[in-house]
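Quick one: the structure is below, and I'll ask about it shortly.
Naming follows writing order (A, B, C and D), and every chain is counted from residue 1.
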Amino acid sequence: MRNKLISMQEAVAKYTWDGMQYAHGGALPVGTDSIAFGREMLKQGRKDLNVVSNCNTQQTNLLAAAGAIKRMEVGFAGLEVYGFANGLKRAVETGKTILEDYSNGSIPLRLLGGALNWPFVPATVNIGCDQEWCCADRPDEYPCQTKIPKIKDPFTGKEYGAFTVLKPDLAAIHVTMADAYGNAIMLGTEWSRYELSRAAKKVVLQADFIVDTDCMRQFPNLVRIPDVVVDAVVYWPLGAWPHCSTGVYDSDEKEMFAMNAALKTDEGYQEYRKKYVDSYNTWEEYLDMIGQEKIAQLTNNPTTFLMDPYRKWIKSDDAIKRLMSEGRQ
Amino acid sequence: MRNKLISMQEAVAKYTWDGMQYAHGGALPVGTDSIAFGREMLKQGRKDLNVVSNCNTQQTNLLAAAGAIKRMEVGFAGLEVYGFANGLKRAVETGKTILEDYSNGSIPLRLLGGALNWPFVPATVNIGCDQEWCCADRPDEYPCQTKIPKIKDPFTGKEYGAFTVLKPDLAAIHVTMADAYGNAIMLGTEWSRYELSRAAKKVVLQADFIVDTDCMRQFPNLVRIPDVVVDAVVYWPLGAWPHCSTGVYDSDEKEMFAMNAALKTDEGYQEYRKKYVDSYNTWEEYLDMIGQEKIAQLTNNPTTFLMDPYRKWIKSDDAIKRLMSEGRQ
Amino acid sequence: MDYTRQEMMAIATGREFSDGELAIFGVGLSMLAGFWAQKNHAPNLVAFTEGGVFGSTPVGGLPWGIEDNRISANATSFTNAVDALGCLVASGRVDNAVIGAAQIDKFGNVNTTGIWPAETPWSAGRYVLPKVRLNGSGGANEIAVGAKKYVIMVTHEKKRFADKVDYISSPGYLNGGNDRQKYNFVGGGPSAIITTLGILRPDPITKEFYLDAYFPFSSIEEIKENTGWDLKVSPDVKVVPEPTEEELANLREIDVTGSLRKK
Amino acid sequence: MDYTRQEMMAIATGREFSDGELAIFGVGLSMLAGFWAQKNHAPNLVAFTEGGVFGSTPVGGLPWGIEDNRISANATSFTNAVDALGCLVASGRVDNAVIGAAQIDKFGNVNTTGIWPAETPWSAGRYVLPKVRLNGSGGANEIAVGAKKYVIMVTHEKKRFADKVDYISSPGYLNGGNDRQKYNFVGGGPSAIITTLGILRPDPITKEFYLDAYFPFSSIEEIKENTGWDLKVSPDVKVVPEPTEEELANLREIDVTGSLRKK
């Protein structure tokens, strides 16, 4: 087993590049996502991204507002009860981002198809509707025959569709807990993170907690992402903020609205970026930026009992830093 | 939530019938399986079964020896290091059981296809080999074109195969823990039990322990089989014997060999049946049959620590009996 | 009795759910309607979310999303999207559901993807950019394709009730009749459009939605005025019974933050 | 030095594994060879089983099955068959593996399904019943199709080394050459047949297996006699170095029950 703990800066520098197919791993638009990883991509100036997004989150809302997303495949482009995603909406309406529509059920199946290295995935959904007929990549083909082409069931002769499979260059996946080797536990809905971890060519985990491997040996059935599919592990507390991370912190209601309001205009984005992206380097500075009072409020929530069985294996910041410097040797 | 705890006798009487498509849920030929459920099917005289078996186990070895299996689809027909499965082997060689061969990876994918209600599943395996060319159901078709028919990838034009999907009438699934409503936790490999629980038309769980629902609320990510897909729950301690149940008991090495040796002949089967099928009615009598000394030995094993986090929620035999009589009202 | 149009819509929607059904709820209004039904008359209604959150009820207020901590705090199982939307919804297992709509047409086709006020993709014969980009289908496409039946809940405004939607995000009866059969959809299609003014149901043959009932505070005229096609009216058109005191009390216990009470 | 043919076969197989590879082991000999490699020269060999048991080593003796408690006691992750055999093996991710064979032919096709001493399905042109029914393919079919390369481990007996196997349970190079391409297999096919007598490797063009090396205790003649086809012999045929003391000591630490020491 290889110690894969590295810094956020290193992970983004090593595993991302302009024009790549980038997938982020989260749980719908309010739940957990590798949002801190996306902030660091912005710091490092990543652009022309081809994004695979089961659901938009504040990460893709921010990256789109920054003009960093050239193309995006998505199942859902909003922020649920928090409203439309202004940054992404603006990028799509102005033609800056090409948005290719699927659904929340078909993106995970296409990832599963990529994980299994299938040639295609049978489509019983997203057919007989404009997800089939409208192709943002090839707008002149209408009704489009090539996005979800017809395929005949060899057993009945009935017609269905076929989806392309997804194998992103990188998946940055938020997990609740990871050990230094890349074994990870998710609390709350997995959404499509399991499929993503197998479909992507490289996988970086962004974890709220680093735990000892003994935790994994006590709960191996919870380790839905084993080390063999993981390339790097990044520790970043509160890393899904302002989203929630089940068992750890609530979504930051005020900030969810404020961030989305800011992303409505380019000026707002510039201000947001200064304040919430360029203002920190370390995770300590990041936590200071959020503020201790806010953190205390968000981490006092009705799901925290879900973390109780694992607390004794949580590694301290100092222990994590030691592991990070060991890993570098 | 509905209390679904019923007796083994009732579960078999209500959910099985002659000629049905029956799937059993286990973890390969040595790991956990709903073997006690199979014994009860034998007691109740079930026959002409059409079995879906990811792997043969001592359950199917016994049912085949009894002549109760008319047809079986399988990925692996042996008992791993315990050798060939004599009961099944005999039934196949004499033509009593039609055995349709797939592989350990394709049976779960066909169950997944059934769970998703897909028309077919793309086949990148079991093609270019005799699983494709030989069809036990239609022996005259060779090389068979209809078992795993050819299908063209609409994106590249390349040729692959297509599997039929599986939707068994019933899946009897062994789980480590279940609550009375049918929420279940498996320890050890899931094998194909997750897919099976969604693919089958009806699902009966056979559990080593009945636990309080509070256990599920503490560990919801472990509950890979939620109550909504479950029809009945049966408590049957040591129910995978002589196989192992990870976290609970080891495989009974002596009995694995002895049972398989007995099933080699019809006389052996008749003796086995008298001694290990017809000899008990209640789970207490079943445990007496195995013997306290043997049970102590099997349950003292290096995996028992895996059960520790859940022990406080385990229900006593008396509490289970109360729940069973409540459920009947 | 004092109740809002939103409350009437939620209650009318909730009344569509029966005891023992397996249902999937979305966020917001849809979830309120569903949990109200469970509390009010369908105690064995079994619900889950498209994230695979099972066995839970909202804690501490209406969830901000279907994966929010407020709906995760007392779950008995967390699985995933393939399970919830694939194995349970698209497969055809779910009995009943609710979806929303930005735009809807007379065959119950739903648009939640964008607004094309001038040229639409189908009128232009190419995929032109929307003037206003909306959220896309989310899991509603799976519900529309797979659920045995489902309710479409939508604010009754003329701009939303189009003769033909700009974009079909979630197919209803497509061009009507048995048009769904072309795609071998396993689900039955929408059973009702429940609005802030009344209830529309599909004609059993043509599948065109007609006015089946209106709310005590609305009228056939108001509804026809606010519908973008020539809405047919049932000869037996009814008035929907207004919420009983008990129904309303139950709803307000669920809607702790009073989100439906804003007039 | 005193070692058995089985031990030589296990060590020769283990030598095929390199540090850092992702590998899948079966039960019995295959697992011994793999864990020996990990202990002996490939500490970062990462192995899992087809049940999705990750990060573990045998505890208390050689496991009776790949899901046995003996291989589950110190696992870091338990997943499932779709994950292990589908996402990791059939997908093409696995670097190396070992499978067994009841019968093997000159193109590395493996039969583990049955023995047809008179008529085979391919000679009869129909699926006739086997005289002796064996275990079927298990997960070996996925390995044969998907692994980047794999070793076939088999006792060297004439009845097992057939010109053409009775039944192809796990495809090797089929009829040789680039015949695998017909099926778009992602894996590279078998890299070696390692037997109780020596090592066979596929010709790079024809893919027919030839004798590449024999063990110190065997000979070209013995091997040819025990092979059911006219086995070609490499002009550079080598003698496999016998186990070093360290190799043997490491193997015997893994093989705690001495299963390979029975002569």
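Quick note on the criterion: a contact is a pair of C-beta atoms (placed from the backbone, for glycine too) under 8 Å apart; a residue touches a chain by one contact, two chains touch by 3 or more.
Since this is a predicted model, take the numbers as computed values, not measurements.
Chains making contact with subunit A as well as with subunit C: B.
Common neighbours of subunit B and subunit D, by the contact definition above: A. Chain centres here are C-alpha means, and the one lying farthest from subunit A is D. Separating the CA-averaged centres of subunit A and subunit B is a span of 37 Å. Here the spacing of subunit A and subunit D, counted between their Cα centres, is 40 Å. Distance between chain centres (mean CA atoms), subunit C to subunit D: 57 Å. Taken residue by residue, subunit A touches two or more other chains at 109, 116-117, 119, 124, 158, 160, 187-188, 190, 220-221, 224, whereas all remaining positions touch fewer. Of all residues in subunit D, those that touch two or more other chains are 72, 74, 78-79, 82, 86, 90, 146, 184, 186. Taken as a contact graph, the chains fit none of the simple arrangements: neither line, ring, star nor complete graph. Interfaces, counted as pairs of touching chains, are A-B, A-C, A-D, B-C, B-D. Interface residues of subunit D facing subunit A in the complex, by the touch rule stated above, are 22, 44, 46, 48, 54-55, 72, 74-79, 82-83, 86-88, 90-92, 146, 184, 186. Those residues of subunit A that touch subunit C in the complex are listed here as 27-31, 54-55, 74-82, 84, 88-89, 92-93, 95, 99, 101-109, 112, 124-131, 133-136, 139-142, 144, 158-160, 187-195, 244, 246, 250-251, 253, 256, 301-303. Across the complex, subunit B meets subunit C through its residues 1-2, 115-117, 119, 179, 181, 183, 198, 213, 216-217, 220-221, 223-229. For subunit A in complex with subunit B, the residues that touch the partner chain are 109, 116-122, 124, 149-151, 153-156, 158, 160, 162, 164, 185-188, 190, 218-222, 224, 305-306, 308-309. Those residues of subunit D lying in contact with subunit B across their complex are 27-28, 49-53, 59-60, 62-70, 72-74, 78-82, 85-86, 89-90, 109, 113, 121-122, 124-142, 144-146, 167-171, 174, 180, 182-186.
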